[in-house]
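Next come two complexes built around chain A: one with chain B, the other with chain C.
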Partner chain A sequence: MQKGDMFVGWSTKEDIRKRGGSGGLVTSVLAAALDKKLVDAVVVLRKINEFEAVPVITSDVNEVLKSAGSLHSVPSNFAKIIANKNLKVALPAKGCDTRGIIEQSKRNAVSLDNTFIIGLNCGGSMHPSVTREMLEIMYKIKPEDVHGEEIEKGKLIFETKDGKEHAITIDELEEKGYGRRESCRYCMIKIPTNADLACGNWGVVGDLAGKATFVEVNSEKGAKLLQNAIDAGYVQVEKPDEKGVAARAKIKGAMEGLGKKWKDKVFVPMDNRLEYFRKELEHCIDCGACKTVCPTCSCGDVSKCTEYHLRGDAYKMSMYHLIRFLHLADSCIGCGQCSDVCPVDIPLTRLYRRFANPMQEQLKYEPGMDLRKPPYFEAKLEV
Partner chain B sequence: MSAEAVAPNTNGWEPKIVAFCCNWCSYGGADSAGMGRFQQPPSTRIIRVMCSGRIDPLHVFNAFLEGADAVLVTGCHIGDCHYVNGNDKTKIKYKFLENVAQELGIEKERLQLNWISASEGERFANFIRDVTAQIKKLGPSPLKPAGVV
Partner chain C sequence: MANVYSTICPGCNFGCGLYIRENGNLDVDFRKSSPANSGKLCRFGMSLPRLYTPVRSMVDGKEVELTEAAKDAAKRISASKGSVAFLSFGNTTCEEHLAFGKLGEAYLCTGADFEALPKDTYQTISVGIPYSEIEAAKHIVLFIDPYEQYPLIVRRILSAKKKGAKITSVWWKDLPLADENLRPADVSKLKLSGDSLVIADFHPLSDMENVKNVLSLAKNAGARITFLKPFANSTGAYILSKDAKQKSLVQLVEDINKGAIKTLFCLESDPGEMIPAETLGKLTTLIVQTGMASAITKKAHVVIAHEPLYKKKGTLINNEGRAQSLGGEGTRGLDALGVMAGVKFEFGVLNESVKKTIGINSIDEFTIPKYDRPGYAAPQASVKPVDAKTALVSVFNPFMWFGLPDDNDFVEMNLNTARALKLLKSGTLKIRSNGSAIEKRFKIGPVQENVLLTGRKFGIEKGMLTPVEISR
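Right, the complex of A and B next:
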């Protein structure tokens, strides 16, 4: 097995296959890594209900097995959870989690040699409170009755406890302001090629559809991780169908096209930007939550943005946000965590991306996609 | 100061310009502008730093937020830095600063970068004169806090 190989695989354990999505391969790979002492710990979500889960670092195989199954409406980011912990760890990660982890490693908070990243294909995640509202208004079902959810062929499907399925197209939901989080709509990383393994149900065709996971090996670490799971008897793999590989590429292309369209729609050029930014930021209560969750920020408690900012300053723009705008211009990965946690609902990701988009395009720098040093820290500008 | 050196006054308002000058080049340039008696308007407040690489974007933001109408970042010519590559780092920081200022909607005349050596007194005086004239046309900065003239 080597870098660039593709497989279709599934868990050998009946129970995980049933509870986990797409054959439960990811859960089994994680459990095998823990079981065979490839890693000391694994990060998983401990599920509370369909809309709530807590990320935990665990060394218990049973906890890992219990976490099987996907949650689309729990937007979490694992990068900050493993930062500064010095752990040998394996974790599942969406494109943005992976980018966050790589950015943390550039800032010496994570050692990539000790981190096994299982990338998950991601078409977008949803905000829990928005999802609850959407269920009541659009689907006309009680959030408590929801048993499972799935995204298939552009439709968001909720399954209720009585076994009925309720489906509405994502386009229709997003037109009404529901559906995926805004940052997911214009995200361009659908298949995490920067992770060690890239897993997902795209490209699984024929009889296996829905029962297996498509895996692409992106690094030697990834090959080691998958080989370990096969040797331990946790997963079974076979060569993918030619048609499947083509289908996967086609879905990726279509999703990226959609992302590009959203990007043009959200970031329209405008006049009087200063007033726009002042208006958006005027409700800020200086809680600092956006900085705490930011997966690329690694300054800690004492940082430039907080130390030079005083609530009493009668400034027209907050110093805190000005410094954040500048620092994130080259490193914002657009994960949307800041907008999610903002208690006064400032669309922060949109604001940060306004600064980051032109800068990252100009510098040809995609944060978290490779190991290139952030341009701000370079001694001489290359581009 | 002779009368013609100062551009016509707009309602008695004089812009306040903060100029960051590096100790080895542009501060010397400002000095030689005075020694050579090159006329310049009294709109600048010079802040001397040891190297233009020391100028943190924070300093520039602070100047704007405290009421500066324009901020000038000046240093040695590329390759002439007293500390080998300090001004290369300035260039990177300035690129980011420029981006923030532009996206924020601050006119590009309000934030300028110029390399001035210690012997270029005339160039320094001309630069200050040009910037003052540009800012007078633009009027007070939109970031100026209430009550600051």
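Right, the complex of A and C next:
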């Protein structure tokens, strides 16, 4: 097995296949890594209900097995969970998790040699509060009655406890202000080729559709991780159907096209930018949550954005925000975590991307997609 | 590998859900499915690792086990029968509060001055309206600074504004979210209607004439009114104490000063921020039962230390009346109260009693129980005008209630006032009151002339509003 290989695979354990999404391969790869001591710990979501789960670092194989299943309404980011822990760890990661982890490694807070990243294809995640409201208003079902969820052929499908499926197109939901978080809509990383493995159901066709995971091996570490799961008897794989490979590429292309459309729609050029930023930030209460949650920030308590900022200052736009705009111009990965946690609903990701989009395009630098240092770290960017 | 607790922020009665992660240090994590706050936290919520500092049980400065401290406290309470007061602001679970009510029924103090208000206003004060109603309001009138005092209400108000609501502020400074800014002295210009929703707050240091005044204004206009409150379970404490004879903080201070109260038992409450130090110094015995260290635990003769709030098992009731379960398993607080009361408090029995009181069968944070919302007669109020050329106004916020330092060692003032005093940029301002003098940095803001706003206790204050003299 080597970098560039592609497979379709599934868990050998029936209960994981039933509980996990797409044949339970990811859960089994994580469990095998722990079982065979390839890693000290893994990160999983401890599920509370369909709309809530909490990320935990665990060495308990049973906890890993229990975590099986996808949760589109839990928009977490694992990068900071593993930062500064000095652990040999494996974890599932969406594109934005992976980008955050890679950025943390550039800042010496994560060792990539000790981190096995199982990338998850991602069309976007939803905020749980928005999802609950959407279920009641758009689907006319009680959130407590939901048993499972799936995204298929552009539709968001909820299965209720009575076995019925309720489907509405994502386009219709998003037109009404529901559906995916804004940052997910314009995200362009649908298949995380920056992770050690890239896994998902796109490209699984024929009899295996819905029962297996398509895996792309992106690194030697990824090959080691998958081979370990096969050798340990947790996972079975086979070569993918050519039609499947083509279908996967087609879905990726379509999703990226949609992302581009959203990007153009959200980031309409504007005049009076200073007034726009000042107005958006006028409700800021200085909580610092946006910095705390930012998966690319590794400064800790002592950082430029906080050291130069005093609450007693009366600037129309605080030094905290000005410094963060500068910092994130080359480092923002557009994950949306800052907007999620802002207590006064400032669309922070949109503001940061207003700086980051032109800067990153001009410098041909996508943070978290490779190991190049941020341009502002270097005197001259290696292109 | 790390313990993760689903909990509620103790900073105020808003009911913000979060996770506390024990991982060597404490970290906060965002519980995005929480109905009150969607996982969002204010500056104080983000500071919780600083608040939750470990505490140990002590008797006269000597470290002991919890049970020993509780037994010692029981002896002291028994020895000073008739001169013991029991204080709990509402920083603990409903179950503990019920047990506490049984222990301290002879002299129960939640800090609130309900005796100064007509009885028919009790429920309106105790249980606020759902936040969804705030978002749906057409006209919101603020008698608070939401940014400083109850930050998570800001997004609800902004949501209402996006839908077309008009926002009026009656405050000492202009608020960015307000369409209309009135000063407190100009409250007579306020135009309320049946579409208006008044947001005020209620706490142990509230000026009762102001509370009565906003109740009257709302009642006379047919407007709705909701009172925000500063302690995690203020609503629960008030609902569960409804039939108890409650003493106010003012009464407690008076009784300590005249020697009628010699022993004070504080449950998860630090009165040091509200009761003058000389008054506390007159007590012969101070007993503190708590889950975290604070200034008051250093002064106490007996400290009964149990688990912090995030590790407790129990129910909190937020400002909307939403019952919320804490995610911990700890009941050591109940055990200690049982030792002092001479009975064993069963969590299950108390929990059932809480549910019965609020008329629910199970604790479901996503459903707000149906509360009686009785009408009230407009109370007579006699608000006194501010009798001072310059006033220092305390803007009470969670950092102040908990005595937790914050980056706010300054006063906010008007540019014209600063110019009249010829203050220098980056300089300081001298503030004098009652023979005390302090020197503080100042921040220029859209504040009423001759008013200084502070979100920190400087030690010269006399209530919410302190007449001061200022100079360069």
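Going forward, the second predicted complex is superposed on the first by the 379 of 383 C-alpha atoms of A that agree within 3 Å, B and C clash if a C-alpha of one lies under 4 Å from a C-alpha of the other, contacts with A are read in each partner's own complex, and residues count from 1 in each chain.
Convention: contacts are C-beta pairs under 8 Å (C-beta built on N, C-alpha and C of every residue); 3 or more make two chains touch, one makes a residue touch a chain.
As the structure is a computational prediction, the values presented were derived from the model and not from experiment.
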Once the shared chain is lined up, is A:V293 touching chain B (first), chain C (second), both, or neither of them?
second
For A:D313, select first, second, both or neither according to whether it touches chain B, chain C, the two together, or no partner.
both
In the superposed arrangement, does A:C342 touch chain B (first), chain C (second), both or neither?
second
Which partner, chain B or chain C, touches the larger number of chain A residues?
C
Figure out whether A:M359 sits in contact with chain B (first) or chain C (second), or with both, or with neither.
first
Touch test for A:T58: chain B only (first), chain C only (second), both, or neither?
second
Of the partners chain B and chain C, which touch A:D15 in the superposed model: first, second, both, neither?
neither
In the superposed arrangement, does A:D231 touch chain B (first), chain C (second), both or neither?
neither
By the touch definition at the top of the document, which applies to A:R273: first (chain B), second (chain C), both, or neither?
first
Between chain B and chain C, whom does A:L326 touch in the aligned arrangement: first, second, both, or neither?
first
Where on chain A do the contacts from chain B and from chain C line up?
313-314
Would you mind writing out the residues of chain C in touch with chain A in their complex?
1-2, 4, 6, 19, 28-33, 35, 37-43, 45-46, 147-148, 151-152, 154-155, 158-159, 176-177, 366, 406-410, 441-445
Touching chain C in the complex, chain A uses residues 41, 46, 48-49, 51-52, 54-59, 73-75, 127-129, 132, 143-144, 282-283, 285-289, 292-293, 310-314, 340-345
If we count contacts the way the header does, which residues on chain B are in touch with chain A in the complex?
56-58, 61-62, 65, 85, 88-89, 91-93, 95-97, 99-100, 103-106, 142-146
For a test of understanding, state which residues of chain A touch chain B in their complex under the given definition.
272-277, 304, 308, 313-317, 319, 322-323, 325-326, 329-330, 354-355, 358-359, 362, 375-376, 378-381
